[in-house]
Amino acid sequence: MGLIKMSKLEEMKISNHNLSELEKDLALNGEVESTEDIVTEELAIHFGPQHPSAHGVFHAIFHVKGEVVTKIEPDIGYLHRCFEKIAENRTYTQFIPYTDRMDYVASMTNNWAYCMAVEKLAGIEVPERAEHIRVIVGELQRIASHLVFLSTAGSEAGALTPFVYFFDEREGILTLYEKICGARLTYNYIRIGGVRADAPEGWLDDTLAFVTRLKKRMYDYDRLVLGNYIFKKRFIGVAPFSAEQALDWGLTGPPLRSTGVSYDVRRSDPYSVYPRLEFDVVVKYKGDNYDRACIRSDEIKQSIRIIEQAIEQIPEGPVKADGIAKVFKPAAGEGYGHVESPKGDLGFYVVSDGTTKPYRVKIQGPSFGNLQALPAMSEGTYIGDVVLTLGTLDPVFGEVDR
Amino acid sequence: MLSSTKLLEFASNYGIPVWALDGAIAIVFAVVLFAICAISVIINVYLLRKISADFQLRYGPMHVGWHGSLQLFADAIKLLTKEDIFPSNADRWIFRLAPVVTFVPAYLGFLVLPIGHGIVIQDLNVGLLYILAIPAIGVAGIIMAGFGSYNKYAIIGSLRSAAQMVSYEVPRALSIIGIVMIAGSAKLSSIVGAQHVWYIILQPIAFVVFLVSTLAEINSTPFDLPETESELVNGYYTEYSGMRFMFFFFAEYVALFAAATLTTVLFLGGWHGPGPEYLGPIWFTIKTFAMIWVIMWIKWTLPRFRIDQVMDLGWKVLLPLALINVLITGLVMMII
Amino acid sequence: MAGRISNFIDAWKSIVIGHSVTAKKLREPRSTFFYPYEPPKLEERYRGAPMLVRIAGETDEKEGACTACGLCAKACPVNCITVERNKDKEAPLKAAVWNLDLTRCMICGLCAETCPQGALKMSHDFENAVYVKDKLIYDMERVLRRPVMVKAAEPGSEE
């Protein structure tokens, strides 16, 4: 994995090409006949891998003409850790902690997607209570990830205080996770055929109290960040993407739904107990940075709705399927499990050759797919906009590079 | 020029030439001014940290001294003892001079500020022009920093800064014209003297324009484009570390303090307040720090504009508003 | 023009609302605490570095509930545990060597989950900073000496 090839870029018409307008403006200015008279030089700026808003270890070369970025050359792979190859040398259970370290902002959904793939491979039925707990922790994870998104989007636009507020709310979720699985970041909680441990006493009540409080507070936060005039001015209409473009580039998750495509794995390919739960797939239509930001805020509210229903419906019973040893040998075959992770469609494809270790694990990470669209989206916008667009795609480089 | 008649008598009795007396007094004042500024910066930085912590559900510095009050000294010692690093291709002289050029004009603004009735170092009759013009020299230092440090982030940051400063000088200066018209003087002490009603009430539009363009002048959010962390790492002072960084850091807070004091003088009635006249400096300080608090509040709430939006706001919104304000002030004065 | 004015009013309204929200936050309690002076509140299931559990009432300092079955070593994804069973006839079901390489351990908790004796637990010990890396390679004595938990071994108490 090296440089993303931009072969398609030249063919694509970039709708938000401000550069020509800028040139026109300059040409209209009486003193200069055309911009060709001004001797200018393109500047190549290295953005990252050590940069305050590089979202981890993203490296890109921005070619800028004044303040306008004309070309972006992304360069990834700084966090590549060979997870797919490591998987071939670990037993099925042993690989679960590694999935934690892919999208480290949303470890729980990684666990879930991998376990689901193995369950499909081995034909394991997951008990009802475990499915409900999975839904609750999965949706909490979505809230946590989107809170991180909102905070970083704010801080990239220069508002540093909302950053702290959202992280403070996220702390509540991490404390809930610490109560149920003992870790705050790398959970290793979901197991093949269930979850590691039942929720401790009072945990469900704590969760309900937390989401109720968050629901109230989100009203204020929306007004503070998304409703702010300057924030809107920075985000609305910047780097828009059409539905065709989004599908061509293989976007998933919120960036895809912001263009008007209603694709959500929870509805399109239902898994777990989602068919029984009521929630709306949030869809926006403009596909610009503001829609991509708003969609996350709205999804937090939908996740709260799901959690409330799941807590109401949760049955008693075991939390792990019977008869699954720590080391087990599924029959030769293959399994594909994918979930709607906070970043998008996260899939694991697991092939077994009948031994204790998988023959092959292929990971399809949404961050990788979404990041590819960055040059197409933001070439022709200002330096500040590129940073925001990268933020609204919300890539996590543990998952891009794996 | 500074000497009162008593001092002149004293000098002539002892055969001291007038220029020597003036020089000595000037040096004393310079030292006093520097001390006041340094103390104000120390208080400022401490307040900044505490206020930002208040907004962000944190405590701020707590360990060095009482509630972290000595934190800044610890930081200063750390910065002073750091290695002096030059980027390999830097233009050394420009790189060296830049912090000083930024730092000194920020201080010079205080020369004409009346902090109490008759308490002013040099009461120039064009004090208002002086206080607008001198701190603007600081932008030269910012451009030097960007140019000298051979860094792309720095050069973009300094160019942004230059564009922003030039654009916002215009509405800032125009917004004050209304005040000059009412007070009938550009002397800061007479402007304060004429403020029986605070000018924030008489000139609300001017206050808004002045406040917004002041935020742009001192590179505070929502106009902190020259040093946008998320885009340009640290803007024009990306390559600076140690003592030279400290100079920029200090210059920033002196500029903030100067902006707050100027707002107090022009719009908040300067030293006026209930009680006897000698309480003037106290009222002045209280108003200044209230102003700093407001600027901090804005800083910790708003995101920042994009560079083209900054230019738009300056030329297309604030400049017309300032002109309208001049027009309205003129009309009202004509009628009354 | 009317649109511009309403836009202008909206802008100022949103900015004032934003300031009211931040001002409201001023009254909320602080969410940070003074970490090195004030210990963090860890939940019961918190996973720190793995530790061996001593049997309550045993006098011997080295005595642990571990039977050296080696399942933890097998469960570990990063092979940071080394177990060797005691060859001595007198105490056959005791570990002779039980090493934990904390530099490699990723504190996933799979070892504690596997232990059939409940002899291996995740401690609440998270302050593992050292000056020399060698100090992070714990032998059995060091692992048992962790002062955090002394519990009677209950087989299968870990869920």
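In this document, chain identifiers A, B and C correspond to the written order of the chains, with residue numbering beginning at 1 in each.
In this text, a contact is a pair of C-beta atoms (placed from the backbone, for glycine too) under 8 Å apart; a residue touches a chain by one contact, two chains touch by 3 or more.
All of these numbers come straight from a predicted model, not from anything done at the bench.
Taken pairwise by the contact criterion, the protein chains are fully connected, each one touching every other.
By number of C-beta pairs in contact, A-C leads over the other of A-C and B-C.
Here the chain at the heart of the structure, going by C-alpha means, is A. Between subunit A and subunit B the centroid-to-centroid distance comes to 43 Å (mean Cα coordinates, whole Å).
Subunit A and subunit C have Cα centroids lying 27 Å from one another. For the pair subunit B and subunit C, the distance between C-alpha centroids works out to 50 Å.
Shown for subunit B are the residues that touch two or more other chains, namely 55, 57-58, 300-302. Across the assembly, subunit A contributes residues 161, 165, 168, 224, 228, 230 that each touch 2 or more other chains. Among the residues of subunit C, those touching two or more other chains are numbered 15, 18, 21-22, 25, 31.
Subunit C makes touch with subunit B in their complex at residues 15, 18-19, 21-23, 25-26, 28-32, 34. Per the touch definition, subunit C reaches subunit A in the complex via residues 10-12, 14-15, 17-18, 21-22, 24-25, 31, 42-47, 71, 74-77, 106-110, 113-114, 122, 159. By the touch criterion stated above, subunit B contacts subunit C in their complex at residues 54-55, 57-59, 62, 297-298, 300-302. Residues 90, 93-98, 100, 161, 165, 168, 171, 175, 178-183, 186, 188, 196-198, 200, 220-221, 223-224, 227-230, 232, 326-327 of subunit A are the ones touching subunit C in the complex.
Touching subunit B in their complex are the following residues of subunit A: 43, 45-46, 51-53, 64, 67, 154-161, 164-165, 168, 224, 228, 230-231, 233-234, 382-385, 387.
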